[in-house]
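All chains are identified by letter, namely A, B, C and D, in their written order; residue positions are counted from 1 within each chain.
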Amino acid sequence: MHRNIVERKIMWGDLDPLGIVFYPRFYEWIDACGHLFFESIGLTLGDLWRDRNIMFGLAETSCRYFRPGRYHQEIRITTSINGLEEKTVQLKHTIRESKGDALLVEAMEKRICLDVSDQENLRAIEIPRDIREVLRAGIGT
Amino acid sequence: MHRNIVERKIMWGDLDPLGIVFYPRFYEWIDACGHLFFESIGLTLGDLWRDRNIMFGLAETSCRYFRPGRYHQEIRITTSINGLEEKTVQLKHTIRESKGDALLVEAMEKRICLDVSDQENLRAIEIPRDIREVLRAGIGT
Amino acid sequence: MHRNIVERKIMWGDLDPLGIVFYPRFYEWIDACGHLFFESIGLTLGDLWRDRNIMFGLAETSCRYFRPGRYHQEIRITTSINGLEEKTVQLKHTIRESKGDALLVEAMEKRICLDVSDQENLRAIEIPRDIREVLRAGIGT
Amino acid sequence: MHRNIVERKIMWGDLDPLGIVFYPRFYEWIDACGHLFFESIGLTLGDLWRDRNIMFGLAETSCRYFRPGRYHQEIRITTSINGLEEKTVQLKHTIRESKGDALLVEAMEKRICLDVSDQENLRAIEIPRDIREVLRAGIGT
């Protein structure tokens, strides 16, 4: 299975008054890691949009929180595909402490293939065959 | 069933390059609406923390996206309790277009009662009886 | 002088570990209030973009911080024009406590008129005469 | 002069509907780079707070914008001290394209030394002598 790994450091502005990560920040990071995952398998979403009027929008997202993230903690976000259907691809993200590997968050993004040629009217479409091949290869064996 | 309703307007900075809401913003709004819901039933989380060292942290969150949100659209976020267990309370949020009532997002936050007297070591606890009563009343009949 | 006033409540997610507003949030709010100010004088930036390929981008922004903002505090953001040049318009924003009127933040946004017909190459232009008239009227007398 | 350098990649969620960085994101990054700068000279703000009830809050911030930031562009943020007074230290940040070195943003943060032992009543104080020495060394020669 192909995995893409991103390391980052939790910053002051990511924290809430308890001194732990304000949870929407986790979603900002996994969204970014989704884009980086796609790029790592050869699908740059920015190019897909510009060249073919295709984007992968969100159908569903979720997170389960196991441990809080804290000031200047180093974390490691690992992304992989764990589902591929006609119109959707599902990403799984785990966020762990870089040092010690403790699990902070398990997350899921279900992304749906969109024809965005008319921005006022985004339309779900089947994932084109060539893109599906790249995604399938991205699942690995 | 008690519901708390918040109206807001989608702003430029909430949007992504497709001109639709960047999904972590929805989580920022429902987190805020969770706090406002608690306040509407007489539980101000800021006071709970200061007076009793109790907070409701997040165990799990999720969103399903039905329609995109767009520039200067007015939306209505409705929050209610749809689950109450020993240590957790679950909030349901729906985000609809104010005009026309079309559904944009359905969201869930599962919040867990925490003893935060030692900020370095947050500890899940049973929801104290008096707070449980307020939450139960907040479910309504 | 025309002023546009927006009331909002400071939320949990706006706060840093000290329990005070994380300062980039102030910029998010004044950006939003800039858009609302323009709308209040009859210039909806979203329409300007769609209809005429014009946007007001940022040349410069600044904030001075006088008092921190805190949990569930009600604030009032007042926006007005305090400068108009060939290519730029300058907005002044003040953020005050709604109750008691204490000053929290004074902010400035210098916005520059852009031709965005080629998104890869945004180009500063003179503010078109009719828009300048609307802005001038928005300064008031 | 001591400089601290941080590289980052502009992500989808940092962008506005024009496909360029929404400007409050720049402030989030320079705030983070301020903390990393302090850490690079041996002042970890998190420790200062915990051990000595001291923080460096914001008195003033500003940015000038020269070029927009775009999707998956690599940028380099360089931070240094460019002012030190009794109670305040001023940081200068420049944001440049990593490839080609073009200037995107010039930013300033004026930070004021705070006694935060009473969180309800933050109090500006003179920068303690030992911390001033570290900052002075951080200016370099």
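Just so it is clear, a residue touches a chain if its C-beta (ideal position, glycine included) is under 8 Å from a C-beta of that chain, and two chains touch if they have at least 3 such contacts.
It should be emphasised that the depicted structure is a prediction, and the values quoted were computed from it without experimental measurement.
Asks: Relative to chain C, which chain has the most distant C-alpha mean position?
Replies: Chain centre farthest from chain C's centre: A.
Asks: Based only on mean CA positions, could you tell me how far chain B sits from chain D in angstrom?
Replies: 32
Asks: Can you compute the centre-to-centre distance for chain B and chain C, using the mean CA position of each chain? Integer Å is fine.
Replies: About 28 Å separates the centre of chain B from that of chain C.
Asks: Provide the C-alpha centroid distance between chain A and chain B, rounded to the nearest whole angstrom.
Replies: Between these chains, centre-to-centre, one finds 23 Å.
Asks: On chain C, where are the residues touching two or more other chains?
Replies: In chain C, residues 12-13, 17-19, 22, 24, 28, 31, 71 touch at least two other chains, as defined above.
Asks: So what shape is it, when you link every pair of chains that touch: line, ring, star, complete or other?
Replies: complete
Asks: Show me the residue ranges of chain C that touch chain A in the complex, using the header's touch definition.
Replies: Touching chain A: residues 12-13, 15-19, 22, 24, 71 of chain C.
Asks: What residues of chain A sit close enough to touch chain D in their complex?
Replies: 9, 11-13, 28, 31-32, 35-36, 39, 44-46, 71-72
Asks: Using the touch definition up top, name the residues of chain C that touch chain D in the complex.
Replies: 17-20, 22-25, 27-28, 31, 49, 55, 57-65, 68, 116, 119, 122
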